[in-house]
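First comes the structure, then the notes that go with it.
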Amino acid sequence: MTPDDWLLLCRSVRFGDTDAAGVMHFPRLFSWCHEAYEESLERFGLTAAEIFPRPEHSPAVALPVVHCSADYQRPLACGDALTIALRPERIDPGCFELHYRFSRSGEAVAQALTRHLAIDSLSRRRCALPAGIQRWLEASGLGRGVTPLP
Amino acid sequence: MTPDDWLLLCRSVRFGDTDAAGVMHFPRLFSWCHEAYEESLERFGLTAAEIFPRPEHSPAVALPVVHCSADYQRPLACGDALTIALRPERIDPGCFELHYRFSRSGEAVAQALTRHLAIDSLSRRRCALPAGIQRWLEASGLGRGVTPLP
Amino acid sequence: MTPDDWLLLCRSVRFGDTDAAGVMHFPRLFSWCHEAYEESLERFGLTAAEIFPRPEHSPAVALPVVHCSADYQRPLACGDALTIALRPERIDPGCFELHYRFSRSGEAVAQALTRHLAIDSLSRRRCALPAGIQRWLEASGLGRGVTPLP
Amino acid sequence: MTPDDWLLLCRSVRFGDTDAAGVMHFPRLFSWCHEAYEESLERFGLTAAEIFPRPEHSPAVALPVVHCSADYQRPLACGDALTIALRPERIDPGCFELHYRFSRSGEAVAQALTRHLAIDSLSRRRCALPAGIQRWLEASGLGRGVTPLP
């Protein structure tokens, strides 16, 4: 398994993603980002239960988004097939960023960024990133040397 | 305070509620229903913290939706001002239904229904409705004798 | 290609699908339904552009949802892998229904229904279903004789 | 009417805004931003029909979001009452930004930014901002001299 297996994802624009201007409604991009992040962890081998809260089971560490941004380069219509390239980046022992590049038939259409902070679920104080996330960050970095993302 | 104060609510259709057909995207109606229900409880005097889970505080009883339905009579466009008339109905000691009638300038445009079951948050077994919800159901019923909803 | 290829779909519950009760927020089921319907048409060979409006191109016939309903049998948590079985049913020359059965590891967890009416995009009057939808409805029905859905 | 009437808005966090971590799901902030923007225009006296597309009526100029960002300072729980202070800023004759400050009981909890570009609805080329938006931008600026936003 190469990093591309868990850092290159696909999705189609669906009717419910659009608004009355006929194109993707801008906050939806962040839903796609978070779903791509979840799918990436899953493909890498981390279960949702290890990372995300469920009833009767909350991981010891939460990873809330504390900052995000997006740039919209092309309007996206229902049915468009998108490729999402993820580039995770460790910022410090308790923080990472995720860069997303969206393209359609090879053309860049949007990009986005989310910054995640590790906090203790109970005390809500900053803490170290969970071991699984650290492995995923490290493995992502290794891949970049070999096959740089577009 | 008459029941109309907490059973007659208003909202406007917003751009993000629409899809590429130019009108309200059908699942949004249920978001409006649940927000109207929350606002109704709030106006009646029940705080969100008493009824809905928050971090570090879950009410002893949860009220999940186990069934819902909707009928769409007119397309709804961005900017349309809607009135929502709620009619809560106690089904049995552990279950209630909420009927919603949406109108625009007096014309019926949609209606919906949600059925809520009381379950113990820990065991997830059926239990009695919380006292606050029971008071709200009773007060709603009283009002109906005097000023029947349309 | 057998009907199962376009009538049996998969999706995972994502973090953004949940609410503070820790499980899938009930209106999300209808978003999953509509996305499954779109994916089914796509797999069957109908492009989104033929069926759904896009900027500068609206199909002659729109297919708004005029009624929907859902039953929630089990709470769904982040990461749960679901199977969605679709059963389209022609009601009359200008109307069809879509029945959805959601299951997790073979266990039924939810079911839903959407009813779609064909209307002329300009006059907004009822009209006949588009030819593509008619082919999809017919092909779906054929399959049922051979491999009945659960 | 002073600018505060159309630049200071209120909203409550609703159950459907939260995720399984028990707090507001981050992309929802942008939905609140856009709804606050729409409400601001409405209070200022601009109808939705003048600014946003509807079936059979699209304004000559569209105002898509080409960039956005957000900072999350405090977790937001169901029932929290928020104040949203808007600060519109004209960037050039065909572009404006909107700055949003969210507070709860006087405490800053989040801030966000959206950048909107005026484009001709048909040609999709850049053009001048609509007259109504220009009046709203100007009136917002006037107010700031007298009562500076926090």
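Residue numbering begins at 1 within each chain, and the chains themselves are lettered A, B, C and D in the order written.
By definition in this document, a contact is a pair of C-beta atoms (placed from the backbone, for glycine too) under 8 Å apart; a residue touches a chain by one contact, two chains touch by 3 or more.
This structure is a prediction, so every number in the text was calculated from the model and none was measured.
Between B-D and C-D, more C-beta contact pairs join the chains of B-D. Of all chains, the one whose CA centroid is most distant from that of chain D is C. With centres taken as mean Cα positions, chain D sits 34 Å from chain C. Between the Cα centres of chain A and chain D there is a gap of 26 Å.
Separation between the centroids of chain B and chain D, computed from CA atoms only, is 27 Å. Residues of chain D found to touch two or more other chains are 15-16, 20-23, 27, 31, 34, 52-55, 75, 77-78.
Taken chain by chain, the contacts link every pair, so each chain touches all the others.
By the touch rule above, chain D contacts chain B in their complex via residues 12, 14-16, 21-23, 31, 34-35, 38-39, 42, 47-49, 52-56, 75, 77-79. Considering their complex, residues 15-16, 18-20, 22-23, 25, 27, 77-78 of chain C touch chain D.
Per the touch definition, chain D reaches chain A in the complex via residues 20-23, 26-28, 30-31, 34, 52-55, 62, 64-72, 75, 114, 124.
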